[in-house]
Amino acid sequence: MLIVMQPQSSEEKIQKVISFIKERGFEAHVSNGADHTVIGAVGRKVIDKRDIELLDGVSEVIRISSPYKLVSRVFKPEDTIIDVKGVKFGGNYIGMIAGPCSVETYDQVDATAKKLAEAGVRVLRGGAFKPRTSPYAFQGLGEEGLKILKEVADKYNMAVTSEVMEVNQIPMFLKYVDILQVGARNMQNFNLLKALGEIKKPVLLKRGLSATVEELLMSAEYIMAGGNREVILCERGIRTFEHITRNTLDVSAIPVVQKISHLPIVVDPSHATGLRDKVAPMSKASVAAGANGLIIEVHNSPETALCDGAQSLCPEEFSVLFNDLKAFATIMKKSF
Amino acid sequence: MLIVMQPQSSEEKIQKVISFIKERGFEAHVSNGADHTVIGAVGRKVIDKRDIELLDGVSEVIRISSPYKLVSRVFKPEDTIIDVKGVKFGGNYIGMIAGPCSVETYDQVDATAKKLAEAGVRVLRGGAFKPRTSPYAFQGLGEEGLKILKEVADKYNMAVTSEVMEVNQIPMFLKYVDILQVGARNMQNFNLLKALGEIKKPVLLKRGLSATVEELLMSAEYIMAGGNREVILCERGIRTFEHITRNTLDVSAIPVVQKISHLPIVVDPSHATGLRDKVAPMSKASVAAGANGLIIEVHNSPETALCDGAQSLCPEEFSVLFNDLKAFATIMKKSF
Amino acid sequence: MLIVMQPQSSEEKIQKVISFIKERGFEAHVSNGADHTVIGAVGRKVIDKRDIELLDGVSEVIRISSPYKLVSRVFKPEDTIIDVKGVKFGGNYIGMIAGPCSVETYDQVDATAKKLAEAGVRVLRGGAFKPRTSPYAFQGLGEEGLKILKEVADKYNMAVTSEVMEVNQIPMFLKYVDILQVGARNMQNFNLLKALGEIKKPVLLKRGLSATVEELLMSAEYIMAGGNREVILCERGIRTFEHITRNTLDVSAIPVVQKISHLPIVVDPSHATGLRDKVAPMSKASVAAGANGLIIEVHNSPETALCDGAQSLCPEEFSVLFNDLKAFATIMKKSF
Amino acid sequence: MLIVMQPQSSEEKIQKVISFIKERGFEAHVSNGADHTVIGAVGRKVIDKRDIELLDGVSEVIRISSPYKLVSRVFKPEDTIIDVKGVKFGGNYIGMIAGPCSVETYDQVDATAKKLAEAGVRVLRGGAFKPRTSPYAFQGLGEEGLKILKEVADKYNMAVTSEVMEVNQIPMFLKYVDILQVGARNMQNFNLLKALGEIKKPVLLKRGLSATVEELLMSAEYIMAGGNREVILCERGIRTFEHITRNTLDVSAIPVVQKISHLPIVVDPSHATGLRDKVAPMSKASVAAGANGLIIEVHNSPETALCDGAQSLCPEEFSVLFNDLKAFATIMKKSF
């Protein structure tokens, strides 16, 4: 941490700042410039830098060490590769996850999964507990939905991912799913993150609608700090002033995350754009930008879907897209 | 709901849309304009409008009835006034809540509360469970913190509010606090909202960092739909590109909410700005814009606070501010 | 400027950075911490800090001196008070500007100005050249509009302000107006700013829809650097994800600007909210937050206005508001 | 335009609205629903819908025809292909533009252009007039810079594009450049747009930092309405809360624009990200999402560039990238 004093600060003020940080367990290194005296505070403690900014004579406090540890490439330089029943996310592997937004009936999931399996998809997604803005909207089938997902996935030899919304749902999820998904609205539900740090299954952590990349990484840090090292990050669009698309997919978050962190990052183009005809171009863009996976909504009959049909592909559209994506992956020297 | 067909849509396409909405429980009223045929869909069901937009020939679908019911002035035209141990929020009453960001020790809370009580504050705030971005930062004293809050509040005849983070903490909170607070990061933690709909104490619901006013009201709708009619809304700043202040306090949300909803809205200038010297001007602005209450951080010794000291007032600053605010309230024909 | 080296950077890399900054006219002061070596670069040259970030071994570059000079309180500690025909903006004076969005006819401006003068307003606003999003919308009366404004203002002994859109309109504006207004869309039209730096009349500079406070101040710096020291800043709402109001009025920008700069800051609640019934609460909030002035749209017949009638007050509403504002000003120890 | 009346509006109010719109040249079509009466207003006039929202009994006014005409695919269904000295933008053609941020010296431009020409680039970019946030930063070489650009471009048989900042610079630009560029800060400089509508050379129009796609298209409409049909749109990043990248490249704007408009859209990944190592992934993402062109900063010696060196590629990096992009283009069934 660097503490920049105001120009011409008195020696007394400088000493008061030095005492303050020493009391809190930091060492102080003073450097006198032409205008500004700069005090380097060296130590491992966590301190709110604004507390120092309050001290007399302090102009600015600058954090120079990054707040994340376990998620950082400094901690682990090589890519983390997460293997889910043989499907790999990370490094030169691109994982594909697909399935309906919500689990509605066994037949619906079965019909969709059959086509996806034929197309080569090996991880099935589907919502059983749905975070809906309105209390009057369809809230999901609950545990019954998870059972359907698992039964169908087993039939086609697929893995399963679904969104967990609360700490006390975790044991139930562990019975049915292979990847526990944390939704954008729960990215900073710290109790949930801590509890997921203690399980032994991968977590797919979605970026919050207004979360910075740094905050996404800090939420992953919560999970890793608990002992669970298998976190898949997910970019799913951020909230901006542009309203033709539901959110703005931040494609540049892919290389940004990959530079800072060793964790894999996948993209959800369906929720990001909210528009079926934008899913294909944004999937291609994500692979071209280096994404380690995709999670795409596919519904056997989007026109009758109970939720988000407007952003779901039909299985035929998905198959065409998946083939295109494999060609892109090849240029990227990666493979699905 | 109005369904606008593309110019020159065939009669066949129009009939297909009509069948689609009738199957979903809506009546259809067709109106032929010069260019566009418009179909009015009348009904009470919830439907994702994008599902209709997918149909052939549909240009646009426009929702005309508002999504909220119980929170709306249509449902209840007169202001809701919430009484917490004699302190009123709503109508011509402005409620004042103050206290430290985090509960640290009994002595700290006692020293602060004593001064606040002398200044006339009758609702004490304080965090016992803290949602912190970093897993390595101070996470609060937990139940011990709630106990301290209640003990001190009883001593000075004050009510208590504190942030609840999870469904299974609710019974514990009911023992100690008078208003259960939902933090910005949990505004769309729908399980928590549903559970708070079943209790009999007021809930203070903070707006999420990137939540629209409509979403804030929909989250309040979750609580009210469960049977709890005592919801206090709270504006606490939204995330924008401006970074000198921590967030941008959306002062206009006050009259916006008050036009749509009968619920009281209070303002948290401390978290919104993150800067001690901006708390006073933004508190005054909030009262002048019609706020029904304020929630302000006050710490007996901000320089040694474990959390957010940089945005806390000392008790003397608070007293001066509270007097100014009373003068503003008088012009507004309101009272604290 | 502080250059933070990566942990364990070699002496060779450190020397290369030092050479680099010395070649560009800076002095270097080296400070060795436990982990990081920090190089202080002292000098007055302008340099893109990212150029240094590119150098081998550099972790981060931190600017510590502020980019603005003439607008800063460091340059001029006391408030700048700008006097326009006896109406003062700045210090303890609050200036009131009111008038129609667009000049439509002599009679319209005359009817509005008569009522405003009776209410005590002494600066008349009105658009003659209108920046409209659509090329097919009403573009203003041009010079004819300026003539009407001046004629009416002279009749009621008022000053005039109107928006200038282009460098070559400046001589024309100097004939008719007392304050030249720069619109939000032109806040970074640097040619226009430079040209306005050479005139001898006050400039009212509106904040761009997505401009930071720092950028607003840098644009004011352009004008001041040219020799014109009379700049009135104007907060008029920023673009966010919230869409009930047209823009989000950043009320906290008032105390933020006043801390950094000596220039007066006024608020335009009409354009910020775009909603007539939000103008009064946001005007009050602005005065309560310390604004040095207001610019409010008033139209003698808002329902037939050619432009932005929806956000204009009628003269009677304005009179009531102005009286309320005077009461708020008194508490603020200021006067209109 | 659809005017939705409040539930149970009186016949008198309905008639008053009908009269209001008829007086303004619209036809009225009334449709009575269960709750709401809806009035369809049919006509070609431009009217501010908020003026109608002010009328008694009106709940909401909904625009159903789009505000743009000439830029729309309704007006011209097939892709516009713009040919600049044989380089095509639009349809299945991807145009590549590259060059230094600023023109510094003849030798610098010559060295860069030579390498670009060898790599197959045939349109050279370079700034001669620079819009800089600070009045103290390098402002460009002016006309001398344009001369250098043209001289070098002629030598290597390239076309030239450069940013024009003001109406009165246009005649000068017409002497030297083949595409006139409008910068993000001038996207709503309507005087400049009108003047560019009257020239006979292509215009490259950059999206403003906080402009919606609709506003970008409306600005293009200004140019087209003047008679100039050769407009190339450019996505260059929007302002969001994320700050690791300078702006957030809105990749989804590519398919969004292409659905609504026939105009080509190119991407500027250099200014959007502001980071050299993000230029390659975002260029690939843009081509994969369907972009009709790219504009990339390349500098023969980025470390000594006077402006934005931090985001410029060196010629070797560019060559490798260009080859990769050609492979992506092939999968997209397009060609450079």
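We just call them A, B, C and D in the order they show up, numbering each chain from 1.
The working rule: a contact is a pair of C-beta atoms (placed from the backbone, for glycine too) under 8 Å apart; a residue touches a chain by one contact, two chains touch by 3 or more.
Values in this document were obtained by computation on a predicted structure and should not be read as measured data.
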item	value
Set of chains whose contacts include both chain B and chain A	C, D
Mean-CA-position distance for chain D and chain B (Å)	39
Distance from chain C to chain B - Cα centre to Cα centre, in angstrom	31
Where chain C and chain D are represented by their mean Cα positions, the distance between them in whole Å	26
Residues of chain C engaged with two or more neighbouring chains	210, 239-241, 243
Graph class of chain-chain contacts, one of line, ring, star, complete, other	complete
For the chain C and chain D complex, residues of the former touching the latter	46, 48, 50-51, 53-55, 67, 131-138, 165-168, 185-186, 188-191, 194, 208-210, 215, 218, 221-222, 225, 239, 274, 276, 302-303, 305, 307-311
In the complex, chain D residues that touch chain A	210, 212-214, 238, 240-245, 248-256, 259, 272-273, 277-278, 281-282, 284-290, 324, 327-328, 331
Touching residues (chain side chain D, partner chain B) in the complex	2, 4, 27, 29, 31-36, 38, 40, 42, 59-60, 62, 64-65, 239-241, 243
